[in-house]
Amino acid sequence: MIEFLANWLAFTPVFAVPLLLATLGLIVNERAGVINLGAEGMMLCGALAGVACYIEFGESTAVGMTAAAFAGLLIAFLFAFVVVVLRADQVVTGITIVFFGAGLTGLIGLRWNDTAIAGFQKLDLGFLSQIPFFGKVVFAQDAMVYLTVPIAFGVWYFLFRTRAGLNLRAVGENPQAADAAGIAVDFYRFWAVAAGGALCGLAGGYLALAAAKIWVNEMTHGRGWIAIALVIFARWMPGRAVFGAILFGGIEALIPRIFAAGWPVPQYFLQMTPFLATLGVLVWVGLAGKRRSAAPGALGLPYVREDRW
Amino acid sequence: MPDRAAAPPAGAYRARRLGRLNLEVRQSIGRVRHAAFIAFGLGVGLAISVAILLAAGVEAANIFDEFVVLTFFDRLGLSSVLIECSPLILVGLSAAVAFRVNFWNIGIEGQFFWGAIGATVIAIFDVGPPATRIGLMLVFAIVGGFLWIVPPAIFKIKLGVNEVISTLLLNYVAYQFVLNQIYGAWQDPRDRFPHSEAFDAAERLPLLGWEKVHLGLVISLVAVAFVWWLMQRSRFGVYMRFVGANPHMALAAGIPVAMTIFLAVGLSGALSGAAGFVMGAAQEHRLTGTMAAGYGFSGIMIAFLARNNPVAVLIVAFMIGGLYAAGQSVKVFYSLPQALVSLIQAIVVMCVAASDFLVRYRVHWLRGDGR
Amino acid sequence: MTVALEMSDVSKEFDGNRALDSACFRAEYGRVQALLGENGAGKSSLMNVVCGLYAPDAGRIAVDGVPVSIDGPAHARALGIGMVHQHFKLVRPFTVAENVALANRLGGRWTDELARVAETVERYCGELGFELDPASRIDSISVAERQRVEIVKVLMSGARILILDEPTAVLTDDEADRLLAVVRGLAGRGAAVVLITHKLREVHDFADRVTIMRAGRTVADEDPKTLDDRRMTELMVGSAPRSAVAARSGGGRARLEIADLSAARDDGVAALAGVTLAVQEGEIYGVAGVGGNGQTELAEVLMGVRPALHGTVSLDGEDRTAAHPGERRKGGLGTVPSDRYLYGLTADLSVAENFGLAGLAAGRYGSWWVASARMRGDTEAAIADFEIQGGGPATRSRLLSGGNAQKLVLARELSGGAGILVAHSPTRGLDVRACAAVQSQLLEARDRGAAVLLISEDLDEVLDLSDRVGVLNRGRIVGEFARPADRHAVGRLMVGHA
């Protein structure tokens, strides 16, 4: 039992990190007032770019992850141009980005399809990794797991402890007020979307290089959407996002453990659980938080200075 | 506090050299100009799509042949367009009905699956006499699609749960359920492939007698007529417009807002279920794991391009049917993946969505100080 | 005196609607320049040009005698221009200090900077005689306090040209006088103050000079001492002011009865704490009060879009506390909401649909096949009856001007023969003519025997029209007056902390 628990907890970060990176990215997006439903598509592009560059450029995870972030960034530029500069409908455009990402990766990903890779390796931190139970759970993860901690802290610090973060949140809450205060609304929104896209790209890259260690079409399998739900669950707070990502990473990590343990549970029903759990969380938030929503005030609304409505 | 007449604050402001764009919100726009802007967006989208096809290795000379001549002006091609567009019309209507009340039904594929499941249950367990079998399959498909959208509808109305996410999550749940059936209890006993056993003759939609065009087309056309009446001519349609455009005002004016949303959304699920039925009973002749792939987004895109107008849905679905049919042949001849169809649709939608910019705003260039 | 701001021949169109038509304006240091005009005259548009929010189509602007082309709010701020907008530009979930910091950079490490901003806010408050806690959140402070935040924010940025857009609209008489005294003091210290208003009293008492605008043009720039009220009004509206209203005693059966009604705002804070009142047939019952004392919630509970937590609402003796808005309408209720495009109209649908909706819901146009020709005919009749200009039945209601949109709402609400009418700020934002038309419709409804509940933050309107006046303060009716109500007594109850 203890071994089962240790294995489960040791595998949780691999599933939690992509969810967390994407959720953090989306929090930055939404704090600036842009709802990004295209996370799934950005993650797919990140995943493919990660695997492709990993294979083509010397099997380096660093190169792969950088490429993944850039791929997410590029798609985010496209999204930002359409919704921030051209002020198109954010819901339609976001959904379209998902299928754009799926179509694009499906078309150019053929070369790298189903090629297994080594990807991220667990670090061996010497005696630390040897500590019973904790060593395996805490001190034998791959480098990206440890890197994600400062990223999460950095997002929080940026949003709540810097002037730029205050400006960004002001743009998301009340762009009219931000504009009158001399803050460049479009600038903040554009770069918030870009940063969010880069984080989504990283999430996809990690998924491919660490969790799956392979590229297959549509491999993100709904994780982008789970991340969008996690933003609501986290009430737009990076700290709560960490908690939510670990919770959902834990659920995902449990599925292969249960298979490995050979318990007689129907496989496909088990694979429904992350989605049903996400839905459950949304309903729970709906039941609990009906009174006051923590959503940014101008979420999803394009801003036009001379709009008199 | 300094005196108010003091020197101006340190001039930290650096004026823009070139200038900037200023947007003026249009209050209204002429029909011709509106159409021209959308046509412009459509044109840009198609141009990018053609460029992608060229880059993917399709010869320039063949693009027009493949996508226009052999698709729309060829007996066999046109018949396959009509076959492809039957389920597309239904999912397009499904999206249009939901979008009209401002409910983003992204779960069309899940409802599609449950429609197919409903039809399959009747077919593989041979429920009822053969003469009424196909009708019963349609009814069960409609009920299946309806039931699958009820939870998100209620969560949205009662708890304000974002329907984009909830309906989408249920797609994955429906998909896993289908896998459970076709890898389990319903697996075809004959070839052991992961799909259900083939439907009997009485469980398939009859052909209309022109190539392989089947009754599904008639079902779709009836659905267009019904939705047109409902949305454009009935009182419920007026309610839907108000609920979609301004639910606060609709409620204050005495409209049963929650019920209007529920019924419209339920109809949306039912139409998606019917699309699953057409796909199962007329094209695949069984339940498969891939039968719904792409129909969700196509439905959304058709409704978006048709501006939720049921008659326009018919036209757009016909065009997308052409894209599907041409996609099939391109897939065979150039070994390009199905993803291509998805990508082209996404590009076209994005360009049309972006062209809304020109419809909504008038753009001025304001010159800066320094030149 | 040196000229601070000089604008000449400034024009601005919004998609064909001319908001400014060769307007001219000047302000001098050390003086209070009033900008007078009725709603829609272009006062705010003109000043939005100055503060960089609107880019003018034509015209010249000079600040301190130097021609400038203002590139945006940041540029205006750098030129020493600061504006307190009528709709405050504050971020509600942020604290006072954070809001001030948004617009004012003191430099240095961010946490230190925020602390220094808070200190500076306190220092300014001390000098201005304001009381503000820099750490409190905007959504937890009163409207008057929010306005002080805006003033401090603008002054801290070093503004020497200070524009205040209808600053007293949300204040009680006392608060307004205190504020204007502060403003006068700022002018005394050398600032150029622009006071946008439509109240003549403020012009006489506080302004050194007045610019009057009508329909986007500047029609006068005078010393207010040389103009009497009559002349000023004439310049403002181009015609004589409205006449007095004939009183009428109610004294019939009560048609709308509200007993011990409580309700909460969206965030759960109590807004109504036991309102009790009754409106009889053939009378207008006016609810006076400072904005934010529960007016919106009262109107919403009566409309049926906000639940009552306690108490009852009866229409013609029948309890309708929990009824759906549709049932209330069947019971004879008509409502004129304060926010026309929230509860009154759907901007993107046609005039005919907006007008016909009430009749449609009541079953007048059929349900299986809507009799759209009949609906259009009825709409045309209403357009003629209520003198709705600027569009026909097929026009999108977004294109109607404020006054015509309000007439459309009234036409619909009165079309079903509503015997009970709840009107919340029915003339807000309307010009004088539209205002008079709306008010005369209310009076006509009263004379036909309707019970009219008029909820308004405009005390003059309440006193003019109402047969009885109730004062709403902190979610309670704290006093009732029969016509003629004593303006000062009403005012005292409005601000009393009973």
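As written, the chains take the letters A, B and C, and residue 1 is the first residue of each chain.
Criterion: a residue touches a chain if its C-beta (ideal position, glycine included) is under 8 Å from a C-beta of that chain, and two chains touch if they have at least 3 such contacts.
Here the structure is a predicted model, which is why all the values come from computation and not from measurement.
If you draw each protein chain as a dot and join the dots that touch, every dot ends up joined to every other dot. If you compare A-B with A-C, the chain pair joined by more contacting C-beta pairs is A-B. With centres taken as mean Cα positions, chain C sits 44 Å from chain A. For the pair chain A and chain B, the distance between C-alpha centroids works out to 26 Å.
Listed for chain A are residues 305-306, 308-309, each touching two or more other chains. Residue positions 22, 24-25 of chain B are each in touch with at least two other chains. Residue positions 14, 55, 72, 74, 77, 341, 347 of chain C are each in touch with at least two other chains. Chain contact summary for the complex, chain A toward chain B: residues 37, 78, 82, 86-89, 91-93, 95-100, 102-107, 110, 217, 221-222, 225-226, 228-229, 232, 266-269, 271-272, 275-276, 278-279, 282-283, 285-287, 290, 304-309.
Contact residues of chain C toward chain A in the complex are 14, 51, 53-55, 72-74, 77, 83, 85, 87-94, 98-99, 101-103, 105, 110-111, 113, 153, 266-268, 341, 347. By the touch criterion stated above, chain A contacts chain C in their complex at residues 161-163, 166-167, 169-170, 173-174, 176-184, 291-292, 297, 305-306, 308-309.
Of all residues in chain B, those touching chain A in their complex are 22-25, 52, 56, 104, 106, 155, 158-162, 164-166, 168-173, 176-177, 179-180, 183-184, 297, 300-301, 304, 336-347, 349-350, 353-354, 356-357, 360-361.
Of all residues in chain C, only 14-17, 29-30, 55, 64, 69, 71-72, 74-75, 77-80, 123-124, 127-128, 155, 157-160, 162, 186-187, 189-192, 303-305, 324-329, 335, 337, 341-349, 353, 357-358, 360-362, 365-370, 396, 398-399 touch chain B in the complex they form.
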